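Please go over the structures that come below.
The following pair of complexes shares a single chain, subunit A, combined with subunit B in the former and subunit C in the latter.
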Partner chain A sequence: MALLSIKDLRVHIATPNGTAHALNGVSLDVDEHEIVGLIGETGAGKSLTAWSVLGLLGPRARVVEGTAEFEGTDLVSMSERRRRRLRGKDVAVIVQNPRGALDPLRSVGRQIAETNRRHRGAGRKAAKENAIRALRDVGISDPARRAKAFAHQLSGGMAQRVLIALAMINEPKLIIADEPTTGLDLTVQAQILDLLRARVDATGSAVLLITHDLGVVANYCDRVAVMFAGRIVEQGTIAQIFGNPRHPYTQALVKASRETLDETVSEETDRSEPPNLVDLPSGCHYRFRCPLAADVCATPVPEVEVGGGHRALCHFPGDAARDPGAAASVRAETVERVGP
Partner chain B sequence: MSEHIEARGIVKTFSVRGSRAPVRAVNGVDIVIPRGRTLGLVGESGSGKSTVGRCLLRLLEPTEGTVRHGEHDVLAMKPETLRRHRARAAMVFQDPYESLNPRMRIRSVVEEPLMLHTDLEPSARRRRAAELMRLVRLEEFHLDRFPHELSGGQLQRIGIARALATDPEFLVLDEPTSSLDLSVRAGVLRLLKRLQRELGITFLFISHDLTTVAAMSDEVAVMYLGTVIEKGPAAEVLGNPQHPYSQALLSAALSVDPEGRRVRHVLEGETPSPVDLPPGCPLASRCPLVRNDCRLAVPPLFEVSEGHGAACVRVPEGTNVLPAVGPVPIVTAS
Partner chain C sequence: MGKGLGRYLAYRLLLLVPLLFGVSVLTFLLVRLGDSSPAVMVAGPTATQAQIEDIEAEMGLDRSLPVQYWTWLSDAVRGDLGTSWMSNRPVTEELMEKLPITLELIGFGVAGAIIFGVLVGVASAVRQRGLVDQVLRIVTLAGVSIPIFWGALLMIAFFFTVLGWAPAPLGRVERGLTMPPHVTGMLVFDSVVTGYFATAASAIAHLALPALTISMITGATIAKQARAAMVETLGSPAVRYARACGMSERGVVWLAFRNALPDLIGFFGITFSLALGGAAISELIFSWGGLGQLGLEAITNADFAVVQGFILVMGVLTAAIYLIADLVVAAIDPRVKLQ
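This part shows the complex of A and B:
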């Protein structure tokens, strides 16, 4: 049984223009010992997936269907009281805007120590020591002094590390991290991701890592799920998704990540409008942008298992790959184009 | 020499409320770009890249230094000369949503610089707007839309069209693709390259993304805490970094095709604040190779090879290589 198992999650949002169908049947598992990347363009529904699971949706958004089981218990239908007890203890969150997530009125050390006392019953002195150790673990030098600082006194990178210390202090089984390193210096990003990875490997905890950086995914994740217009359109291991993407949207992403800006490629008109969530196209949501779109794409899309847990939501999931010989030659071509 | 843009000794300080000491955002930077070429400016957030870009366009008044654009002394220009100069040089901003007025139709966005800096008639402005849309590969009907109806990539093309409206010879591109989704980023970059080739424009390309900078730049300058700590031909600086900060930065870059294990150079701690800068090398508080003479004065760029310099006192004796930590195992490839 997976640690976290999201099944057919659907979320509607009331907007002035009508009901936005923001999540349209998201299914995703996260196992112990793994970091699962969740990628996709802005507005695809990545953050909404996280917030639905955590019970943190705003007033206008509502889960209309689906479950998110954590260790077998559904988080969606759980009482907010129980969910709150779980958050900060077994399930922790790291958000993108760290200063906004910290309490401006309590020192960061006190915030970390208090959550440790509340959820793990640590004594006052032990909690304080734990907090300082947690700050040191996230690479903060002179942690005893830094523990006395308030959120507004910290740089963005420092505040993000504090938030990670806060998330890790109670040794959660699952961490949901929404763009945790976006906007940080690369040298700091590397420290933080190394830390997450080491924690997962050592303790068996798991991370759902929302990011738009494919380099982060390729270097730190075990598996990856690709989102488009509120659906997971493809998921698989890093090797499967980067080596042999099957959904046209994933193919475009992976190709773009290796873009060498070859100017001989013909430039077409840019038709990348985001899909209108109030009035989604029937069938495949990607069909207005898809180079392979055919009539059948306006009918419900099947999720196709293309091998070894690798799944794609498409009527034509990677035509080339039906014939192993052709697939190999496509890969060889990619390697040649990208160079060694 | 056919240097097109040449700035020397740029210093920019900001006074901040509640603090007597000013923020020293840029601390003595030289920028030289030949006509039709691209200088990539990299560095972490807060290192002073945007401030340098704005000083070159005189959107900010530098506290010290000189800026030349061709034969023009930009900082000596009187208001009317400067207004006309604005047609020659423009800026493209990072966030296309934030930099465009949401209630303005795209047509007004694109035509605005023509109204401000040229004497074109309305009919000529309309023709130019249509021409600009073709130039950035968008269909003309987008002119009648509002910003929220376009994708990020399309809006950034609008930002570029607007910057190109007056046919400028120099563009400061401030993180033009950083807020864009990967699926549209390459298209915008390719567009910029073509425009440069067709129109012969000089670029200052600001980014914290090393892959993008590598793809776009002829030369690269790396900034840290308001100073350029390394610069040279793009392949040299990105492929053979000599300053300890550049070494750490490049070793932390993540390839989408990791090769199993990688060697890493680690810098502990955080960048200090640009208020009350200590004298000497800006990296001294974090550098594992620091020694006494690092703290005496800001090191000049020492030549590594022709056109490639690094501002580290250890460069001349070749003891400037950071110790490697690792190799760090890559866990994926399952």
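This part shows the complex of A and C:
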């Protein structure tokens, strides 16, 4: 049984222009000890998926259908009281812009200790010691002194380490990392992701890593799910997705990421507008941008299992773009970009 | 910190010098720009022009403005703010006597406004579009648009004339009660600490309406400000993250409130200084006999020395309030550095 099992999750958001169909049947599993990447363009619904699972949607957004079972219990229908007890304990969160996320008026050590006390009932003194140890574990030197620092005194990378320490303090089973390195320097990005990977390997937590950076996915994830217009259009292992992308959108993404490496290839990447979520096309949401689109694409799309857990949401899950070298080249490119 | 704080305070006091100089020059010129001359008032309606000129010479009003100002300033730095022609008493003495009377009124008025404003503002931000929020919108509109003299008269009409709950709007305490010995000059405080409870009860009853008048006009704006600040912090990434870490809703509201506080305290300072002006009118209507009433009467009677001293005290008070607000903010917000 998967640690987290999202099934047919649908979320509507009330907007001045009408109801936006932001999530349209998201199904995704995260197993224990694995890092699953959730990738897609802005507005595809990556963060929304995560925050729906946490039960922290804004006042205008609403889960209209679907379940998200964590260790067999549905988080969507669970009472907010019970969900609150899970958040920060069994399910921890790392967000982007960590300096804005921390309480500016409290020292970071105190914030970490408070989370420890809240969920684990640690005593004041024990929680303080735990917080300092957690800061040391994320590679912060002189953690006892740094624990007294306030958010505004930290660099972005340092603040993100603090957030990882805060997420790890209660030994969560699942960490949701929502664009954890967006806005950080490339070298710092690599450090933070290496740290996250190392901490996860050491503690055995699973991670749902939300990003729009294919290189991050290739380097740090075990499996990846590609989102487009509120649906997961393809999911599989890194080798499957990069070596043998079946959905035309994934193929375009993989191709685009290789083109940034190879400057001689002419730019013909997919740069069209994302679809209007208030008035989504019938059938496949990608069909107006898809080179393979046909009449049948206006009808409901089947999810095709192409083997070994590799699934694509497409009428034509062909293997025309088969290219085993793709994953390796994307990895190489990222390493080159973030390397010392 | 101690040394830094001392230097900061010295710096703020130094800033006060040019401020008070500017205020005093401005006041000095403004009171003399008007048609009214204290000499005319002193001389009375039957006086001849020669008599008036004699009195002007006696008061020093026949000399040039720079000389007059210099005379005033050189006395003022020694603590002598001149003599009131109305009461024939030293201005400094009169101001010091009236100051605690007004501070007590404003203190209660603004404290009430802050308590009311913060509670209502926070409640309506937490439940946006809820009942409290809807009522607040009407109350703030009324509070902002009702002039203070009109609000005071409504209070008297309702609580004294109709309901008879409040005592007559004539001063700070019922006549005939024994006055407590002077401690601070604040009647409620003095009579409580010295055990004059009958006097204290009467003083509180008399204080209720004028203080409420001040609370009414300032409380509405504080509520509005508190709501806006809370709406902002409740929607901040810090609150979102705190929820994601399993913080309770009560904890979240407290977090948002703490983070709204630095802005709010600055606003409390502004409100307090605005209340200084509003209090003068409230004092006049309730025959309060404090600083505000003294100042207003001095203006209408061209009692130059009192006006000058009154404005000076107002300037110092305002500066002191802003300083206190800044110190409190610096104490609670680690991002603020005093320098």
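One rule holds for everything that comes next: the second predicted complex is superposed on the first by the 306 of 340 C-alpha atoms of A that agree within 3 Å, B and C clash if a C-alpha of one lies under 4 Å from a C-alpha of the other, contacts with A are read in each partner's own complex, and residues count from 1 in each chain.
Rule of thumb we're sticking to: contacts are C-beta pairs under 8 Å (C-beta built on N, C-alpha and C of every residue); 3 or more make two chains touch, one makes a residue touch a chain.
If you're wondering where the values come from, they're calculated on a predicted model, not measured in any experiment.
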{"item": "Combined model on subunit A where subunit B meets subunit C, clash or fit", "value": "fit"}
{"item": "First, second, both or neither for A:L166, with subunit B first and subunit C second", "value": "second"}
{"item": "Subunit B or subunit C, by number of subunit A residues touched", "value": "B"}
{"item": "Which superposed partner A:A202 touches (first subunit B, second subunit C, both, neither)", "value": "neither"}
{"item": "Which of subunit B and subunit C A:T42 touches, first, second, both or neither", "value": "first"}
{"item": "First (subunit B), second (subunit C), both or neither touched by A:M1", "value": "neither"}
{"item": "First (subunit B), second (subunit C), both or neither touched by A:D194", "value": "first"}
{"item": "Subunit C versus subunit B - closest C-alpha approach in the superposed model, Å", "value": "7"}
{"item": "Overlap of subunit C and subunit B interfaces on subunit A (superposed complexes)", "value": "none"}
{"item": "Residue ranges of subunit A touching subunit B (in the complex, touch as defined)", "value": "41-42, 139, 141, 155-158, 183-191, 194, 197, 201, 212-222, 237-239, 242, 249, 252-254, 256-261, 263, 265, 267-270, 272-274, 338"}
{"item": "Subunit C partner contacts - residues on subunit A that touch it in the complex", "value": "54, 56, 84-89, 92-93, 95, 97, 100-105, 115, 118-119, 150, 152, 166"}
{"item": "Subunit B - residues contacting subunit A, complex", "value": "44-46, 137-139, 149-154, 157, 181-187, 189-191, 193-194, 197, 208, 210-211, 215-216, 248-249, 252-258, 264, 266-271, 273, 328, 330-334"}
{"item": "Complex interface listing, subunit C residues touching subunit A", "value": "236-238, 240-248, 255, 258-259, 332-335"}
